[in-house]
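Below: a set of structures, written as structure tokens.
In the two assemblies presented below, subunit A is common to both, partnered first by subunit B and then by subunit C.
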Partner chain A sequence: MSKKSRSRGGGGAGAAAGDDHEDLARPPPLQAVLLADSFTLKFRPITLERPKVLLPLVHMPMIEYTLTWLESAGVDEAFVFCCAHSHQVKEYLEKSGWAEKAGAGSMAVTAVESHDAISAGDALRVIYERGVIHGDFILISGDTISNMSLKDALQEHMDRKKKDPLAVMTMIIKHSKPSILTHQTRLGNDEIVMAIDPETKELLYYEDRADNSHLYVTIDKDILTNNPSLQLHNDMEDCYIDICSPEVLSLFTDNFDYQHLRRHFVKGLLVDDIMGYKIYTHELRSGYAARIDNFRSYDTVSKDVIQRWTYPMVPDVISSGDCSESRLHRQGIYKASDVTLSHSAQIGANSVVGSGTRIGDHCKVLNSVIGEGCKIGKNVLINGSYIWDNVIIEDGCKVSNSLVCGGVHLKAGAIVEPGCVLSFNVEVGKNVGVPAHSKVSLLPQPSNEDSDEELEYADTNSGVTESPPFSSMRSNGDQATVPSEDESGTFEIGTCGVVGYIWTSGDTGILEEWRQSIAPIPKEKLEELQHAVSEDDGSEDESNNPTQPDKDDSSDIAVEDDDPFSKFEKEVEETFQRALGGGVNRDNLILEINGLRLAYSLQHADCAGAVFYSVMKSALVAAQSTNDTLLKTTAEALGKWKDLLRNYTKTVDEEMEILLKFEEMCQETTKEFSPLFSKILPFLYDTEVVSEDAIMRWAEEKEHADESDKVFVKQSEAFIQWLKEAEEEDDEEEE
Partner chain B sequence: MDFQVVVLAGGTSETLSPLVSKDVPKALLPVANRPLLSYALDLLEASDLKDLIVVVEGQEAARLVGAWVSSAYLDRLCVEVLAVSEDLGSAGALRAISKRLTANDILVISGDLVTDVLPGAVAATHRRNGAAVTALLCSVPVSGPSETASSSGKDKAKKPNRLNIVGLDKTKQFLLHIVSGTDVEKDVRVHKRKIQAVGQMEIRSDLMDAHLYAFKRTILQDVLEQKEAYRSIRLEVLPYLVRSQLRSAPSGGHGTTVGETGNSAVLSSGNLQCLSQHHVITPSAFKQDALSRSHGGHRCCAYIATKSKYCHRLNSIQSYCDINRDVIGEASHLSGYSFSAQNNIIHPSSVLGSKTTIGPHCILAEGSQLGDKCSVKRSVIGRHCRISSNVKIVNSVVMNHVVIEDGCHIQGSVVCNNVQLQERSVLKDCQIGAGYIVTAGSEHKAESLARK
Partner chain C sequence: MLVPLPLPPRKTLTPPRLLLAADPHPKSEPPPHLLGSPLRAPPCRTCSRSSATSSSSLSAVVRKVEGSHAVARQTAELLRSVVSQHRMGSSANQAAALADAVRAVGEQLIAANPIELAVGNIVRRVLHIIKEEDISATAVGIEGLSVTVDSDDEYDSEHDDRPSLSAAVLAAHARNALRAPSLQTLLEDIPVSPAISRTASSTGDSDGKSKSGDKSSTRKLKHDVIAAIGDLIDEIDSCYEPISEQAVELIHQNEVILTLGRSRTVKEFLYAAKEKKRSFRVFVAEGAPRYQGHVLAKELVEKGVQTTVITDSAVFAMISRVNMVIVGAHAVMANGGVIAPVGMNMVALAAQRHAVPFVVVAGSHKLCPLYPHNPEVLLNELKSPSDLLDFGDFSDCMHFSTQDGSPLLNVVNPTFDYVPPKLVSLFITDTGGHSPSYMYRLIAEYYSADDLVVRRKSTA
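On to the complex of A and B.
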């Protein structure tokens, strides 16, 4: 059918316009753009070695699922955009036969390669430049698993476009399954809030960041004016399958700053309202569609595949290339025909064992996928894990809820705790325990990871991070492994431990780790989340009283008004702490503090006070207990940082500021200094942080103050007296 | 039904001056020649809600209302008229009579509501859902002097005025979010947790809070007691209840027994729906209903009147005109009169001069006289009015005992009791207070005139 349509579609555009029925019967060739690069770092460190789309999902590379689906959905021509590891993707396409299939009735697959694309936006700009897309096309990323029928959505899109040429995109969405406990989608991705017009299904609002900084969803009043009724959804999943008009490509080209499909393109269209273009949604009511965005969704989708929700994309129906067929047994157990399985080994429900794999005595495999050619010893427990091809697991190992890539070698007694990711060819030594949520790779962690929008480039990132010491590596056995720190700061552990680098978690931090890892969500988190739901709502209510908006506003402002200085002080202190830790050198520190000063629009003198405060605080922290040590550490700190302080004490005013600050500290925040005031003052004078002019002026000013304010002047009377005399002497000498 | 009904009949509202005065409190303001309060009372009677407390602001007003009620509803309703001091607000008035409330559920209705939505239906919904509060929501009524094409065009450009923004769950039973008062013109802010808890929320800006509520008594009394500053039910009490409904522990363990049966019924049906959807769409591991309301908090429900129902509050001069127009026009079933073939009502005791025409959608009450060559269109004329010749009355309300002399033109105006319009005076969009005398030949446009 598709061949027929193509041959005729070329000929008679005029004829098609004449007859509606004919027109519907033979649409122009359907094209698809498949992004074989997710432009994120979520699957690191694995993606340093292999592109995400080629990672096996229940024995088959993800892209295989996507391409198979595209073909079954009636796509005539697919363009695979590859960027990172493009040669691997191309090689795969050739090897698997997709690239040659361009024959009749099947889908033609063309690889489009580009090496400087760093985002989906760049990819689409490249596609546009190639000029290969002629009509409406399907935009999908190579990590999407689906078996839905596109017919309805396509028809809807076409019909809508006929009526309204501004409807440029139809987004496929699906009802997601919010967990009653977490109110989280089970895919572990960011939660999406969208607003949809219930009648037209037009998308009015889209927000996909799960950061809790925005507790509220804010819908512009103009949207409400135009749409008296709208549906706010938190229960929808974005399938990341879009039916786009060719205008989408040109929009990306026109707006060269669009990078992210959702964050920039969709937001741009909705918020900036460029040319009035509209995005519509199509809710998927039957069929399956999900995108593998992170480890948790990898886990979830794998389970769905095993449980045959993705039929016909299931292990025993399509199997890639040469591997022998696997067969479905009872309880969702798939076993290849040539598996060597010990009689005492136990394979639990919903598990897959690949061909050529040998499993030893008394092993237990539960809810797990084991690849091809693996060797598993005796008494091994594998629970909820994904073991890829050619993995060797020796006797007595335990692997739970982890991802173990190809070629990994777990020596006897190794324990892999939940949430771990062991990348290719990593070795874990005897009786070594890999702590939960570790990521281990043979490649070092690249350094410049400041943005999550970056590429999966392995070759460009050769640097190694200065990651903070990571010391959760402990041996579980009797054999204590002392991690030897190498120059770069990451650990490489000898044969007794782990071969490979342990990656520290990036920006998201260990806190976010649970959300996206394979490991089940810990109990405390569940409770926390549940609490959050009920608590947050309560706390909102008093402040949000509609009848007293004025009062509330003013008090808010008031709080912010007096805040900046203390905030600034705090930030300076933090910056200083970092400097103490050795991360920042002195020049940069000054720069940073100056930056802060500008950001808070404060005076130079304020800086002096704040920096002085930080220095003294550091001395206090270092000293503890007795006055003697405190004096000593203070002297040390002042000596060390006098250059920094002097940088801020250029005028008498600023020096005064320091003295006043010191006084204030002694009275209020850090009373520990108060007995030492008179002893530290000379020191300040000696290090030339404070000049005698400043001290004299300070003393003069205080003369008229209250008795209580004069405590410190009195305390340092002797010193002031000495200064005065010295001054007189100076004067005399000059005379 | 164990419902106690509280009718908040107001007092002598400032916003309605000069129509209301000491002699005519708001409750007794004639709408199509019937006191305003009678619309609410008839409605309650139709729902078999006969145990009423009518709360009136001000002693004098209460006396007048009480006198009228006892004469008009002597055998039909059991009405107790209570006076509260003025300027308490709706919540304040409720607080003042809080001790008189004894039934499990309280129906609070504003005395200025003209509607054909049965309060009984709201009460039943309330019971069925075991709700803490159920509010009647209806479509925002068409406002403005309509008929004339020009002004309606202007209105369209202005867009219908937004009165409330409400958030509903997907079954449209639960009230999840409400914005009222001045905030409606701002951007809508919805707490994310709330959306997370329910999954899906429908935001509507085309509904209005009709000021007809069913409350669970204990919860209502708690709120009134704890939040002493709350003055308005619509602006404060209801939003507070809606905001606090997801809280884990309500302010005390009471009031749950009544709701239990209702709870389970609603939730199970919700579950069924959810489950069936999950069946189709989502694979592995079923999850239970996302409505987390079951964990102890109360719930706020909404009864949404269908579009065909009439629902309007008389709280401004404009709405007074609108309601009069509608009651004798498109919503004529509300008036309780039977209209003639010409779609109007002319009392047999009235006298019409020659060549005088009374158009459709008019009411001419008993004892009124019209001279020759008069024309009345879409207007209400009260009792015992004396109208001379060549008078034109269009889109207006003329109350009782009004004297209109030759050649007067009245358009879009309200003329109160005992007003005298001298010869050839012209009124357009005016309100004339009781007893005022409009001098001969004067012309007034969009003015409010009252005796000093």
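On to the complex of A and C.
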């Protein structure tokens, strides 16, 4: 029956568009490889319990979007490569009816399982060994949402291949402007720099980890000489949908060290010029495509779905036919038919409420997605959050910009700050505040955390099946705001605390956490970034004529900033960064900084402050998080650059400047140093960057200052005392 | 092609049907045209696969097809196969069982795309057909037999040969005889649907064997229903003809006609007037954001019609020079209101302001027996914003990370407008011209009142 209606649907007069792909697909059948594993850790801790592709995106698992799209795009046969949690993926495929489909008009879905693959490269090697791919295929990962028509891209690929058998891959890209503030795409990825031949659309250069602290890209001059024209884009988004020739699989097998699709394969092909294989791009004109790579993109794509960019994959269309269809109301509010909503509850624009959910009096739901079967008490505020199925939120809770997985229980008065991720079945006690950017899971954080990104996200499946001992709670790092981590192993959680382990931020580091979380970027960060903008603008416009790293890209910047000093400081920092990277030797560095000083007509003392700031900043970057390492790296950095600093600290005034700068840093920009002030001060003294005279004068000056300014003087009182005594001794000796 | 039968020309088939005393309304040729929805837009690719397998694939069909004409036709075909695959039990109330089967599928079809009212219309029509056939079976009885006009059908002769044992069988005979022409229609369609061919042939076999009278009576009912659905499909297919026949009466020499977007019914209507050597001019409002008006303009020019393309926003500026507005509809509601492509309400208001007749042409499959409630929201569909904006150009307006998390840019792209009945001057359907206030009456002829809520009975 189903077969028949399908084929007849195809025959109908109005259905023409849906079948356009079929002629293309006929000889041979169009195949697709779907990687149901992202091979990253970005969705941890959730992915410890459930594979990423099965996580719901506006009520539907991500893989469902991908499969639906593949089917509608005319794919005849899809191979789903599952690795982590493979049984869950397979179970899903069977349950949802994908696996059993066969026959004309529908897509055959086959699961390919492997447990030792740790990267996309491995996955493709397994697929190659199976020998199931016979022709051109679509390579996609299971977390890609799209509604584009593949017809044109496919046609382009085929035509090109006929002419040039070396064109092995067509990459789908989409125009999307990165934010000038954060240098991120909408999806939270770093902006990608691509060089494309405007005529043939051949991809010539690809860099997805462009370091945005440097305002240049390095392009091999061969590319420039061999191509009469090329376009450099930083406004393209990689959709991670590739049309590949079978050669791609053999390439992966031949180059067994290829792991990452882009970083190794694409770059490898472009740089090493293997057998002259070429990659082409296809720009997506109409239609939507995006890959969910991190929490930020989860948020962004969810909002795109709600705003119907992915039509017809939108909640009301998807759910139609179910008994509890959700309907679209004004202002982009999707509500299932059987939602129990209190009269005084307020659902704001762009929100989705799943079936069977009850929402109590005076609740506010803004820009959020609430799953099925949730119970939400009174006076709850949910803002910009994603609440999955069967979550219980008691009275008076506040959840903002967070991801709350299925089965979570928030007791009355709990507050979840922006950027949190509460994994499955976590409980948060009464009036407990979960601090911003926390990740809480019932499973402990793996201790042997490997920062290698290519690692599979769950070590084995065993960790999932065994129920974790969540009796004991553990808190790492600076999660001090969560009260009562009960180490004794009780199940009493009714009064306070959090049931589950609070994860420390992994390899991304605290500093970067805000970039890829669900929460919008905090205001302070934006302001901070704002400073950098005007400079970036200048060089981005020129991105069509790439410049080699040269020293004077600073000199031509319009001095429109009303604060030349901060500008100068920035410049010095950048120059210093280059020196750090080995680009400039020390003498030249001094020269450059002097040049900058003259350009901005500033004092020697200002230089000292700026250089010192740069040195400390570098130490901070190197140190990551903890205080111990910070002290160590600071010591190292000061040791390394003491000559440089001494060059600027010829007079007491300049030394004073350094101290004041240091104090200012501790108070304002880099608070990380503040507890270490008294420890670093002696070090400055030892390295003769500051003399005791300067320290004494500083202390004296501060004596008359406000109480708040004296914090650091007090902190280092012991050291000053010691200095005084030493001085007296000296005096005595002289006498 | 399993049963190669001589197929008499269709026109000869219609008259006997009209003789049927029990048939209260002559089902004249129906009308369709696809207009409401965007033909060129990518088909809705969707996927409600959560529910029972067969039905979900059915709904997939519905979602994949756009345009109420195509949807109506396919719904009818699908219901015909449902009927033909329905196993007639031996229970007394065959018709009710059949109706339930249709209702069950119909309910799912409607749920699959509640916006496409044509689905519901056809489901109700089929339910009505079943009811009618049942009534005619009992009412006409033996009398009907005498009405039988033609015996050129093999089946008929077979039936006649069969010894009739009871009144029921006789009644069945009568019905079958009466319905014979419809059966022809059914057989015509055999190549299209293997399912039907199978059942048709199997029924044919059993008919030939005629094991028991009771069985054959149920077979008859089923046959008749299938045949009537076949008629309905024909009606949908050829709905343009009776509508466009009326074109010359409405369009006069040197008139200026205004239309919005593209509707196949309107196109055929204008073509017909042109073929009758009427000379007139057409203003085509382009119908943003899908710009189907451009397509229509092209088609009209090909036929040699003087055509002027205007923007939607220029309608008010041009309306004073227009003699008549002729537009298509997505659906016509029971109160005479019209669900039409977006922008239509504005055109209707302009027409009313300048006292220009606002004529809606619509096939009978677009007549919906429901009264609109909050139609702007509940009977509307919001499409992708990409029709309006280029995603890439506006991507910098949608950086949620730097916008405090809430989207500042919203795009609303509704497909339909609701035009209230007071703005419509005339409806042209396949049965002639009607005023909006007459719609409820017309609807009463096509649908039975207790089918208005398809879902109710099945849940009860």
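Observations on the structure shown:
The rule is simple: the second predicted complex is superposed on the first by the 447 of 735 C-alpha atoms of A that agree within 3 Å, B and C clash if a C-alpha of one lies under 4 Å from a C-alpha of the other, contacts with A are read in each partner's own complex, and residues count from 1 in each chain.
Definition applied: a residue touches a chain if its C-beta (ideal position, glycine included) is under 8 Å from a C-beta of that chain, and two chains touch if they have at least 3 such contacts.
Owing to the predicted nature of the structure, the values given are computational and were not obtained by experimental measurement.
In the superposed pair of complexes, A:D220 makes contact with subunit B only, with no contact to subunit C. Once chain A of one complex is fitted onto chain A of the other, the partner contacts of A:P312 are limited to subunit C, with no touch recorded for subunit B.
In the superposition on chain A, A:Y288 makes contact with both subunit B and subunit C. By the touch criterion defined above, A:S149 lies against subunit C but remains apart from subunit B after alignment on the C-alpha atoms of chain A.
Touching more residues of subunit A than its counterpart among subunit B and subunit C is C. Residue contacts after overlaying the shared chain place A:S229 against subunit B, while subunit C stays out of touching range. By the touch criterion stated above, A:G276 is placed in contact with neither subunit B nor subunit C. Legend: residue contacts after superposition of the two complexes on their common chain; A:G131 is shown touching neither subunit B nor subunit C. On subunit A, the patch touched by subunit B and the patch touched by subunit C overlap at residues 174-177, 179, 186, 235, 286, 288, 300, 303-304, 307, 309.
Of all the residues in subunit A, the ones that touch subunit B in their complex are 174-180, 183, 186, 191, 193, 195, 198, 212, 214-221, 224-225, 228-236, 284-286, 288, 300, 303-304, 307, 309, 532-538, 540-541, 544-547, 549.
Residues 34, 39-51, 53-61, 63-67, 69-71, 73-74, 77-78, 81, 85, 108, 111-114, 192-195, 377-378, 382-386, 390-393, 395-396, 398-407, 410-411, 413 of subunit C touch subunit A in their complex. Chain contact summary for the complex, subunit B toward subunit A: residues 159, 162, 165, 167, 170, 179-183, 185-206, 231-232, 235-236, 239-240, 243-244, 246-248, 277-278, 280-285, 287-290, 292, 295, 297.
Contact residues on subunit A toward subunit C in their complex (touch as defined above): 1-2, 4-6, 8-9, 11-15, 17-18, 64, 68-69, 71-72, 96-98, 147, 149, 174-177, 179, 181-182, 184, 186, 188, 235, 237, 286-288, 296, 299-300, 303-304, 307-313, 317-323, 325, 327-332, 349-350, 366-367, 383-384, 401, 519-521, 526.
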